[in-house]
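Following: one structure in structure tokens, then a few remarks.
In this document, chain identifiers A, B, C, D and E correspond to the written order of the chains, with residue numbering beginning at 1 in each.
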Amino acid sequence: MHEARRPNPLFRNLSAKIAAIPMILTALVVFAGGTIWTIIYSFTNSRLLPRENFVGLDQYERLWSSSKWIISIQNLLIYGVCLLVFSLVVGFLLAALLDQKIRFENTFRTIFLYPFALSFIVTGLVWQWILNPQFGVEGIVRSLGWTSFSFDPLYNADIVIYGILIAALWQSTGLIMCLMLAGLRGIDEDIWKAARVDGIPMWKTYAFIVIPMMRPVFITTLVIIASGIVKVYDLVVAQTGGGPGIASEVPAKYVYDAMFLSQNLGQGFAASTMMLLTVLIVLIPWAYLEFGGKKRG
Amino acid sequence: AELEVTHWWTSGGEAAAVAEFAKAFDASGHKWIDGAIAGSGGTARPIMISRITGGDPMGATQFNHGRQAEELVEAGLMRDLTDIAEEGKWREVVHPSSLLDSCTLDGKIYCVPVNIHSQQWLWLSNAAFEKAGVPVPTNWEEYAAAAPALEEAGIIPLAVGQQPWQTTLAFQVLLTAIAGPDAYTKIFGEKDADLAAGEELAKVFEAAAQARSMSAKSNVQDWNQATNMVITGQAAGQIMGDWAQGEFQVAGQVAGKDYTCLPGLGVNEVIMTGGDAFYFPVLDDEEKSAAQADLAKLMLSPEVQVAFNLKKGSLPVRGDVDLEAANDCMKKGLEILAQGNIIQSPDQLMSADSLTQINDLFVEFFNNTSITAEDAQKRFVDLVANAD
Amino acid sequence: MHMMDTSNTPSVAVRGVSLNFGAVEVLKSLDLEVGRGEFLVLLGPSGCGKSTLLNCIAGLLDVSAGQIFINDRNVTWDEPKDRGIGMVFQSYALYPQMTVEGNLSFGLKNARLPKDEIERRIARAAEILQIEPLLKRKPSALSGGQRQRVAIGRALVRDVDVFLFDEPLSNLDAKLRSELRVEIKRLHQKLENTMIYVTHDQIEAMTLADRIAVMRGGIIQQLDTPQAIYSRPVNRFVAGFIGSPGMNFIEGECVAGGSGTFEANGVKVPLDRYEFADGLRAGKAVFGVRPEHVVLGDGAEAMPFQSDLTVEIVEPMGSDSLVWGKFGGQNLSFRIDAERVVAKGDVVRIGFDPGRASIFDAGTDERI
Amino acid sequence: MADVAIPVSAPAGHADQALAGPSGPRPRKVISRRNIILYGTLFVVAVYYLLPLYVMIVTSLKGMPEIRLGNIFSPPVEITFQPWVKAWAEACTGLNCEGLSRGFWNSVRITVPSVVLSIAIASVNGYALANWRFKGADVFFTILIFGAFIPYQVMLYPIVIMLREIGLYGGLYGLIIVHCIFGMPILTLLFRNYFTSLPEELFKAARVDGAGFWGIYFKIMLPMSLPIFVVAVILQVTGIWNDFLFGVVYTRPDYYPMTVQLNNIVNSVQGVKEYNVNMAATLLTGLVPLIVYFISGKLFVRGIAAGAVKG
Amino acid sequence: MHMMDTSNTPSVAVRGVSLNFGAVEVLKSLDLEVGRGEFLVLLGPSGCGKSTLLNCIAGLLDVSAGQIFINDRNVTWDEPKDRGIGMVFQSYALYPQMTVEGNLSFGLKNARLPKDEIERRIARAAEILQIEPLLKRKPSALSGGQRQRVAIGRALVRDVDVFLFDEPLSNLDAKLRSELRVEIKRLHQKLENTMIYVTHDQIEAMTLADRIAVMRGGIIQQLDTPQAIYSRPVNRFVAGFIGSPGMNFIEGECVAGGSGTFEANGVKVPLDRYEFADGLRAGKAVFGVRPEHVVLGDGAEAMPFQSDLTVEIVEPMGSDSLVWGKFGGQNLSFRIDAERVVAKGDVVRIGFDPGRASIFDAGTDERI
């Protein structure tokens, strides 16, 4: 019997590889390529058009000495942490409530999820208006007689980021709730029964048994929320335009403004690079957890 | 030929003004394809730049004239209009001529200025001062002095919308008015850091600090909401461009009787000759190139200038046309223009990048009371020293 | 089988319990009493309501009608934790992020038991189930059998009188299944508490049960000792469900005359040794004989009924072999000793005692 | 063994016991404390979620004078559909006074092919990643997921250059490609997870049956993937329909989507803000994704369960 | 056992096949030959690599090293469809959106067979498997047994020489399992093609196999006929894996002297009838005796070795009962006839023939 030659591994499952070309191109050319391009040009003093005029770390020095950037970073931090915590907590609580075999589950779920279908521009606009001290909540409460009432997050530099948060939560918790609900539905019914027989109160069952079991859902959710946080832009533009002053600036807006308003591409690229760096720091451990060693069994 | 023209003039009056261009252009046998993008230059500009650098340029596009398009010109993406300009004797007709200077790079002309903005105005509510029992001020110092009385009467002395551009505008107006046009030109044009560190500017920053405290209680977003506060007497005054007049007119108020306008804050009556200009990207299509030339000529023709600026509410760039329909305040403006009390807009003097940094400083200063005037001035000096 | 205390009232009593899921009636006015220390197996095909009944007893489902008593106390409305029951699930239902010890102690901590009492109970359970070395591990680091042992431990530490098992061994492979079966049996002998055990594996049912309740469609079809159910099934369903390989069913006719004869495709079986429940009913009937009651060769000679049969398939199973052939035109299987060599195509003499067979009415499927 | 048998029927001694104590289903008060808390919370939260929609609808039905009066929550005294008409057909953008209607068909022309193509590509990617794992696949996938975190603004420029180089800049195709690119990370993740959750044996059986890469995809995988497709369609319709930036940056005005008109209507800074028209325009623009979502909401949750939870 | 054609070259030959998943070596240079028409069972515990080996043969996994031949053709790098194999999976793997007919014809359509040929083959397969009435149904409308039958049909229509089964019956309940087992056996007798069958159920292995390959950790431990594996396991692992209940292991010592003695806790078993592979090795050893080789009462008297034993547990299984007790201080189980009544605590006399036992080295676990 003869030995069969091992065929060139490149040509095995060729169709699969051909079919994956769009993905490979996107990953390599657009995402990796675009990122590298961005990083390279962050070391130039490109203005309106990209130019290979390298200036070392100048752009970064300027970036980190800009108070607008610092505020952007701070805002992103506050916004990110709050959004992460609140949307997870609220999303989970809603999902847990909906999971109680309640009536009208579909109706409630629809209500919680519909904002997700609207764009951030729309969301920002509506909430800008509801939070407007003249027409909105503050105005209404005052007109009801409580004249000292004050609720104008969008006009108060100290809390403006929370005003944006309110709108962001409104828009995104529905999806989180859906994810959580799906996760809850995936939990073995017997676990609940076992906990009941053991006499464990509901909240403890959630806290010590169910939530730890939902780790994969939380990871997916985290990825989705986090990717949204980094990219937050439209909402801020629609709601406050970065104001009052520069109190609600965010990095994505900084990048955009630097590139197109002040026409300093190099500065925009430097800011982008810093953002990408942060993303990498967050993402690499995740990728490691997802793919590192553990293969599908 | 069909020519696509992009711009960000989308509000009612602006659109009507653009329509005058379109009408005249269509009448010349071409076709105007309108590519309006609302928002501000901030939204529209990246789109226009992308289009041009992406290799799919429009036929003509609006830019604030100044240095915004400089690199596009340098990259050879913009059409050289020198021939047309010489043929139309633009150098002679365009007034003030500085407008054309900002369209010029290395002696070649690349854009067509179409109007003049004037933004150095202080609008005051007569009723508010009456209520506070103080005479209507005639200059900034009087105004600032009246602030305590106004506050006592429950009136917000100065209304400022919180969008960054409004703060920036107020600051620039204060600077030109208090430090004077020469200092302004030196600092922005020649980047004179010594001057920026001097006495004159210290006064400007003090005035800005005053304005900051005068406007502490105004919390509106849009400029027209701020104007509305002046109209209703909730606030005593607003620093805003000439377009604010439209609001007073809509509310049925009469200049001099119900409201007062002080160009240059009543201190230095100057007008900043910023404005809009059109650029023409280089096109391969000969027919379209011809249409571009026609459009460029057309935009500066006296008839179109008049029709356009009447609708737009701005001043024409030709000194040889006459605007009869202008109102009182506008006439004041024309007078100043005629006297030649003009300054160039910062766009024309400084790169967008440096300008944004300075504007950011103003915005931050205005919104953060913990920054003292001295601190702000120090930072301002740094920025000016490093500006280009 | 071990002794239980029958002098007392039943340990678990289910009286007239019905349960509906919407329009579907899953349990139909069901009655059941389980004696103290008894090992009762609920046996039946999938979907017959075994788990539902068990969940009702545990208090995990609200009955639609009827009452449930545990140790003489009406617990119909009590919370599961107050019923004095422990439950073991098919999927183990261990809390995955807690150690074995955590799994065992979680319920006790919630009941605010003193610490040393908790430790004592865990130590005892761990000893009984021989899981001491596993106490610090997480369930994911355990094998299936070990997991199920921990699940049993969780019921054990609750120190209750009644254990409920819902197919505890179904997820294990055959080998582990038979091992753990013996362990559960041992556990029962040691603890002497009441156990109600759901399965659809009839081997488990036979080996473990003091009594078996065969269920079908929410109704208990027969409740009796394993031997009684094995040898005198009340209907064809029960007969077919118990025994592996299943009882051989030969369709034919009961013919009156003498003490009766069963006829199928020319084969005639005299029924003089058969005990009829209430007399012979002539007509279409199904004759059932268990594979292990059919004997071959020498043994066959001694049997009241004999016949020839052509071998079609031989399945050696190690200890013995299963032989398949046609009898009255229908499949018949029987066991032979592994030593005896029989090959496909051989014609062999078989025999059985009709007195050990069962005859069912072809219409009602009831035992005649 | 017979002695262990206990009669099935209840002995007489238990007759009275059977009568005593609770029987039948546990009575559950409809207005229990649990229910009050449960439904109360849900109701309050529902109000929070519905409020903006209510404000939008109510405002869009009011006239401008009524809006100036102040209360955004009060129902319209006089219902007018004029804002809707204006938003749809009359609002001006520059010289075109056709309202949103001008962009509607553009949006359809952009959304439909983009959704179809992006889902087609992503589902094939997910399928290739889940079932045909080849060397390096995980690396590409990781880069792809990384791409989900890149702010769009960062990629604006490089993509302009890339599109210019392949000559697709400014047309519909370029825009469709851009939508495919930016939809790819999340969609691929969803599809990959979903296909991974399908039994691998199905795939193996099909290979033994001689089906190739595409045969398995079309004949086996696709018919089983309805829930995840619904999720993908909703995500993409929502995302692409609502997109403003790409639509305006990568195409010509002839292709500008509805959102550009919306932006124009909403963002005309100078002059009085016509809130009622803004709200009507906003609602009109959001209508398509809302309808898609309402129609397939139930499948959405199912699909999410299948595509997001595992993996 | 039916006849196989051994004159020819093997139907399937696996030569030196290794397979790694990353760093884990799942198959370790494995060799295996399957004769034409042979029914080979791969038996082993979970995770030992059975499915992996089967997938390599089917071409669903690429081997890391080695060659695979089917009907003398080197198919190592061929596509699964070109190898002339049909495969049946544990989870049935029916295409849920196609009817049964669609499921059966899918592969044939892919191979572009003419329409009437497809119809002919489906009709034949449907007839053999008796699934004609199901042809128009979707898999979701079928019972587990019917699904598995369709899955087998899908392999059948491919008209191939080699059938690969991966635990086809594991998802079925005990009853169906034994029924389908017989059907598969019948099918094999009818088709006379080569079958490689993966299972971890040793009953299936014993009843179906011409030869059994017992695997462990990616290595074939013993490859032989069921009887040989049953009675002469090469090591303790194989011995314990085959037989249910498993072989009884008594740990003790082999003592030289005479033909040798095995001693455990005072019990002495003379080994004069035991056939040593290569002579008695004195030292720690494990004595293994199958439950069915231990006899009770009268039979015991006839046995070369006898002892007394106290009964601990009796498990009635219908046809017979399993008795557990202590022997040499260790657990010993054996089967008794169901008729014989034995109760817990009884002291009974048991006996067995040491010649039928197995002795393993306590260190290497190899048969001595």
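In this text, a residue touches a chain if its C-beta (ideal position, glycine included) is under 8 Å from a C-beta of that chain, and two chains touch if they have at least 3 such contacts.
All values reported here derive from a predicted model rather than from experimental measurement.
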item: Shared chain contacts [subunit D and subunit E, defined touch]; value: A, C
item: Chain whose mean Cα position lies farthest from subunit E; value: B
item: Subunit B and subunit E, separation of their C-alpha mean positions in angstrom; value: 90
item: Separation of subunit B from subunit C, taking each centre as the mean of its C-alpha atoms, in whole Å; value: 91
item: Centre-to-centre distance between subunit D and subunit C (centres being mean Cα positions), rounded to whole Å; value: 50
item: Geometric centre distance via CA averages, subunit D-subunit A, whole Å; value: 16
item: Residues of subunit C whose C-beta touches two or more other chains; value: 1, 227
item: For subunit B, residues that touch 2 or more chains besides their own; value: 46, 53
item: Residues of subunit A engaged with two or more neighbouring chains; value: 12, 134, 256, 259
item: All touching chain pairs, where touch follows the definition stated at the start; value: A-B, A-C, A-D, A-E, B-D, C-D, C-E, D-E
item: List of subunit B residues in touch with subunit A within their complex; value: 41-42, 45-46, 49, 53, 68-72, 75, 162-164, 167, 219-221, 351-353, 355-357, 360, 363-364, 366-368
item: Contact footprint of subunit E on subunit C as seen in their complex; value: 1-2, 46, 173-175, 178, 181-182, 185-186, 189, 200-203, 206-208, 226-227, 230, 241-246, 290-292, 312-320, 322, 324, 333, 335, 338, 344
item: In the complex with subunit A, residue positions of subunit C that touch it; value: 55, 58-60, 79-82, 85-87, 89-98, 106-107, 110-111, 154, 158
item: Subunit A partner contacts - residues on subunit E that touch it in the complex; value: 13, 21-22, 62, 67, 69, 72, 74-77
item: Touching residues (chain side subunit C, partner subunit D) in the complex; value: 1, 4, 6, 9-10, 13, 15, 31-35, 38, 62-67, 69, 72, 74, 76-77, 210-211, 220, 223-225, 227-228
